[in-house]
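Two complexes are shown next, each including chain A; its partner changes from chain B in the first to chain C in the second.
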Partner chain A sequence: MTDWIQAFLHTPFMRFIVVENIHYLLPELILLVTISIGLFQASGRSKQSHDDAWSTALWGSFFAIAVAKVLAFHLHVDPETLTLYSTPVNLPVFYDVIRIDLLYSIVRTFVLGGTFLVLLFSRAYLEKHSSTAAEFPMLVLTASLGASLLAGANDLIMLFVALETLGIPSFILAGYFRNDAKCAEAGLKYLLYGGASTAVILFGISLIYGLSGGYTQFPMITAKLQLLETTLSGGFQPVLMIAMVMLLGGIAFKLSAAPFHQWTPDVYEGAPLPVTAYLSVVSKVAAFALLIRVCANFLFALSPADAGTGIAVLSGLFVVLSVLSMILGNVAALRQNNIKRMMAYSTVAHVGYLLLGFVVFREAALASVLYYLLAYVYMNLGAFAVITLISLQTGRDDIQAYSGLIRKKPFYTLALSIFLLSLAGIPITAGFFAKFFLFQSVIQADSNTLWLIVLALLNSTVSLYYYLNVIRVMVVNEPSDMVQSLTRRVDAPQTLPILLSVVACLIGTLVLGFYADPAMMYTRGAMAQLNQPDPTSIQALNQEIHMATMAGDSADVLALPAVVHQR
Partner chain B sequence: MFDYYLTILLILPLLAALAVAIFPEGENGKTSHRVATIGSVIIFGYSLIAWLGGNLPLFEIQTWLPSLGITYVVGADGLSLTMVILTTYLLLMAVIASWSSITKRFKLYYSMLFILTTAVLGVFIARDLFLFFLFYELELIPMYFLIAIWGGANRKYASVKFVLYTLFGSVFLLAGILGIFAVTQAQGAPLDSIFQFSAVKANMTTVSLGMQSLIFVAMFVGFAVKLPVVPVHTWLPDAHVEAPTPVSMLLAGILLKMGAYGMLRFCYEFLPEAAIQWSPWVALLAVINIVYTAGIALVQKDLKKLIAYSSVSHMGFVLLGLAAMNPAGFNGAVFVMFAHGIVSAALFMCVGVVYVRTHTRMIADFGGLGKIMPAYFFFFMLMTMASLGLPFLISFASETLVFYGAYTSNLFDVFLSGAMGSMHWNMQLATMLSAIGVVLGAAYLLWMLKRVFFGELDAKWAKLPDLRTSEVMVLASLSVLVLVCGFQPQLLIQKFEPWVTEMAMPYRMFDKRMITVGEGDVTVTKDAMTATNNPADPAMTLVMMANDEARH
Partner chain C sequence: MDFLTAHIGLSHYLILAALLFTIGLLGVITSRNVIRVLMSLELMLNAVNINFVAFNNFLAPMYGDHFLFSGQAFAIFILTVSAAEAAVGLAIVIALYRRYSTVDMERFTALNG
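Now for the complex of A and B:
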């Protein structure tokens, strides 16, 4: 038996897989297989075949997250010293198109975990809206495949392919209920805005491609940019500036950072609830991972002393995006009656807080951003799960429908209250720690940001008003007739998966609220790794320039040894 | 068994909350009342162990989030213990007062009350800035619900206002905490203890005066909302008027003390130099607090609002004691905190008693109640007298101490000169102005007594029953304290005096300094050190010779 396994492991194919590190992509492969099988099953007409496809999707995403978790642990634990993140893996896959590192493995678990939770609570909702077809989970899984790869993209082309793999299914999902006018509007709006932003991103990518002299891999581009900065024309490249503004603008659309947020409330309101949850969590996390990687490679790697004005301008752009998002998001959320719209604006506000972490261009701040994202996955998905549960039973999305819910559904009320308080940043929840760490790390990096922090804190004061308003309606108000008619008995079996996801998010929110240290260690490790120079790329670049020198080509090669030694 | 005394003290109220939630409410909440009462008796009894001098290890330290410099540190010195005993005692009183004044949703009510207790106790015994802030924020939510669910007609407005004001204050508090973090880390303070009080106190001594001053202001504003200090005090009357009686008792009795406690600990213990720099302004705020709100109280028509404003006025004495910056002033401030906790709780109880019976709080609706409710009259009268500072009652002792401290304080003397003439702004003047507040206090309280208890009795109140047993229990128990601490203040003061005096020690090394404001020649007050500053500078200039010497 063991011989057989040994023989199998030593086949050229398996060797290829292990040598090329392809086994680290197992979660994505599982998703791919799941989608293939699921689509095959879903092509049947009977309800049974669609049910089968649904089960396939659920199990597939479960295995994907499970394997991703195992791989994540495998990446982090050093077997000799048994310490975390001491020798983080940093492996290229497929000729360095994808980079397996801590950032990737962390964000992948966020994305796949979020996907699994969303799938858990979407089925009952869709059935309630008489849509049993199994295209839905397949679309979600496809989008997640893109989101997951986006987190690991280490190449401009891979970045774009992953972005589109995430984007296109999302457009379809946003308009999933074709016959519903609002939903169709949401789909179209998302498509138009999303398409435009993708075009802008593409433009930025093309500029960077040109600037790098024909490289698509991030480490090569980084090395080239550093070279350009220190030796060639000197200083920060204006073209890089334009390219970064383009990339930043495009990503800001995806993040729905103000002033690029206009599509958000309409899309969130029109889209089916699980899709709203998906868009506000999974695709935001993926977009933030992209932003982190782009910034780490194209900005932070440059030496800030030389970069001077260009960096300062970009930092100012982040400040503008962050401040506008915080203020617009929170102020607009104050007046919302529909809970989906309120959550949309609350998402905008949270994106504003998160963008604060980019203002100072420091790893520690980005680590806090990553930690915030983890907290955000739990608390926002949890809130959406409870909102779905309530919507299933009342069929309404306006906040007034929640009147006196505590009398009939104490658990829902408690759970939603905890999630909302966490979003508002009240201890002892994940959201409180996330905010605290973020602000702490930003101010630690640069104490001139104190005014920004105070602004963010004032904003979270404002946000408590509308979160608390929902809680007040649930707890303080007398029950409405509709709530009175709800039964108190245990819910139908179809809501069980939803409850499961609520409980999972609740545990996450509270555990992170009590004990944040390990997660913080992971995220810090991830960021420390991101900023390390990549010897292989520098070597490759050296090699190339050496060749060019041999050919008697370039004049600026003289300065090169200094660069290489400096790194 | 008592190795984790303080942690258990924090957990006990949570267990009580759980117990209340588990047991059924019973008929009219009878079971809930009983469980809550037993719980609060246990909590009070438990806290008495340390108070009565059991030789306990009152300091616990536990690593919590080492990578961020956050430690679970709790400890209790005399000041903390005084606040803890006040909290647990008033909790017991509030629970007994709830028997008659709470009529719905008992489980939720008592759970919130106990969670609130944990948060408040946490604030008083935390020995780590982060932990302190965590508990400080945690207190918001239960208090919000206590006002929003069991409050009066306008409860929605009042509760939201309470939360937003307090959170607004917390913003500045958190900014101050992050400021301390950033500054001390830049100095190379080790991360693993950076938030601990002892480390902060040591680290802050080497921070530049400008930064200290900035942090002082941030923290002062943060706690000023809670205290409350005049421009940001408007949430308090609203919250008091809407809150049910027991919640009002806790609000006035303990929650305001969190602000005063925080000010004493952070602004005055950690940042003595900045405190001296800002002391003229603090003294000014204290005088405004005392006199202005006493004036407002004079014209109130609502009994509860009157007590609420008198509450703000009395907190001004705490501020005055702090501004004095000497042992007598600090001890007096802490004593006023305790005294006000007892007296204002009793006064709110008294208002609640009459409100439960008549469903009105308008002073004009009453008159002649003394004839039909003699026991009530007795207690109300006693508490009013205590509040206006009658000798041999608790407030007299405490306010005298504050006045003594303030009058003998000479840490600043601002000479103001301008076209209108010139004057000195110093603690002596502040003390004299504050005395107006005492006179006003006597005026509004006695006038209120006259209108409520004397005169013609309205026929519709002829059948009002006198105090119930539970009400007598609360009022009698509070009265005993008022009398005992009035006759023997030393019994109480000795519990916190060594620690509070220690806090005032850094101020001993500073000499009297002079501040000039306005145009004209430099004027050197007779005992100021040589002052040579730019006479033409219209802005405030500081002469800090002693300080500079100490620095070099």
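Now for the complex of A and C:
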């Protein structure tokens, strides 16, 4: 038996896979196979075939997380030097279209984990709305495939394809109940805003492609842009400025950062609850991973933080986005009556806090951003899981329906309270440490940002009001008739998976709080890897310059320095 | 034909693309008809395609003994994906049309935003 396995491992095909690092993409391949099998099963007409497709989706995503976890923890961080051992850094896959590094591994694990939790609590909700078809999990898995590839994209084409693989299924999901007017409208709105923002991102990308002289790989583009910057004494090119503003503006749309957030409350209100959870967690994590990559490759690599007016303008852009998102999100959340709209504005506010980490242009701040994202996955998904549970039993989304819930459903109340307190940033939860690390690292990087931090702290105080308001309604108010009619008995087996995901999120929220330091070590390691000089592309570039100099064909190439030095 | 190759350079293509993109963006912002908005979206994406193909045509780097055609490949990817996006968009529009009997965006008022 073992001989047979040995022989199999030494076939040319397996050697090719190992040499080309394709086995690191195993989680994505599992997702792909799951989607294919599941779609076949879902094409059957009987209820049995749809049940099969659902269980295929759940098992498939579970295996994908398991494999992703193994691959992620296979990369060990050395706590002293923040470097990796036992596994090489920056493994290229598929001709360098994807890079395997720690950021990718971490984000992938959490994207897949979020997907699994969303699938766990979406089935009962869909069945309640008499939608038993199994396309839903397949769409969610397709979107997750895009989200996880987006985190590892190392090429402009890959970036675009992954972004749309995430986007198009999300549009369908947002309008999933097409006979419901609100839901279909949410889908249309999401599609139009999403499509327009993609077009803007693409225009920015096309300018970057032109500036780099026709390369799509990130390391090549970085090296080319550095060349441009050192040779043209103007420093930051105006065209690069336009390209970056369009790219960042488009991503801000996807992140629903104010003033580009108008679509968020409408889409979150209209979409089915599990989809809202998915959009506010998994999509946001993927979009932030994209923003981190874009910044690390196209911005941080260019100029040190103390030089260049262009950098100052872009930093100012982040300040504006962050301040507007925090203030508009929190103030608008104050007067919401619908819990989905409240969570939408709370998402906008959290995006505001997260964007603070990009203001200072330092990798250390980005490590805290990544930790914040991980904490955010658990606390926001957990809150949405409890909201789904309550919505299943009361059938309503307004906060008044939660009156006196503690009398009938003490566990729901406790769980939702913990998640909301974590979102507000109350100590011992992950949310507190996330805010603490973020604010601390930003102010360490640049003490001029003190006013921003003070503003963010004031905003967290404001946010405390609307989070605590929900808890007050649940605990203090007299039970409404609807709550009165709820039974206290153990829930139906249908809601068991939802309870499972609530418990998983509770554990995640508390554990990430208790073990904040090890988690931060991982995220710091991920960021330390990000901007390392890439020997292959620098070599290729030098070769190109050398050849151009030999040929003597182009005057502006001759003007370039003879050799590009590593940063 | 000689006139064209002699006088039309990269910047002409870029200006055309920028104009098309602006027209598309204006169309997306100002139109009330959903079909028109979707058409304007396509216009924006096609402007990007012109950019890519023009850049690729004028600046393609050598890779070994042949040119890199990544820009043109990118344009084909954009065409494919935008077709998929338009299909999803039109499907949602049909669902809404069945309910409202109109494609006027101002009439879609279930969400108060």
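The rule we apply is simple: the second predicted complex is superposed on the first by the 535 of 567 C-alpha atoms of A that agree within 3 Å, B and C clash if a C-alpha of one lies under 4 Å from a C-alpha of the other, contacts with A are read in each partner's own complex, and residues count from 1 in each chain.
One rule holds for everything that comes next: a contact is a pair of C-beta atoms (placed from the backbone, for glycine too) under 8 Å apart; a residue touches a chain by one contact, two chains touch by 3 or more.
Just so you know, these numbers come straight off a predicted model, no measurement behind them.
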Check: When the two structures are overlaid on chain A, which partner does A:Leu457 contact: first (chain B), second (chain C), both, or neither?
Finding: first
Next item on the list: Pick one for A:Met521: touches chain B only (first), chain C only (second), both, or neither.
Entry: first
Margin query: A:Ser206 in the overlay: touching chain B, chain C, both, or neither? Say first, second, both or neither.
Written below: second
Margin query: Looking at A:Arg362, would you say it contacts chain B, chain C, both, or neither? Reply first, second, both or neither.
Written below: neither
Next item on the list: Figure out whether A:His261 sits in contact with chain B (first) or chain C (second), or with both, or with neither.
Entry: neither
Margin query: On the A-aligned overlay, A:Gln440 touches which partner chain: chain B = first, chain C = second, or both, or neither?
Written below: first
Margin query: Under the stated touch criterion, name the partner, chain B or chain C, that contacts more residues in chain A.
Written below: C
Checklist line | For the chain B and chain A complex, residues of the former touching the latter | finding: 64-68, 108, 130, 134-135, 137-138, 140-141, 144-145, 148-149, 156, 159-160, 163-164, 167-168, 170-172, 174-175, 178-179, 181-183, 185-186
Next item on the list: Note which residues of chain A are touching chain C in the complex, please.
Entry: 156-157, 160-161, 164, 167-168, 171-172, 175, 178-179, 181-182, 184-189, 191-192, 195-196, 198-200, 202-203, 205-207, 209-210, 213-216, 262-263, 265-266, 269-270, 544, 547
Check: In their complex, what parts of chain C are in touch with chain A?
Finding: 14, 17, 21, 24-25, 28, 34, 37-38, 41, 44-45, 47-48, 51-52, 55-56, 59-62, 68, 70-71, 73-74, 77-78, 81, 84-85, 88-89, 92-93, 95-96, 99-100, 108, 110-111, 113
Note to self: With touch defined as at the start, can you tell me which chain A residues reach chain B in the complex?
What the structure shows: 406, 421, 426-428, 432, 436-437, 439-440, 443-444, 447, 450, 453-454, 457-458, 460-461, 464-465, 468, 472, 475-476, 515-517, 520-521, 524
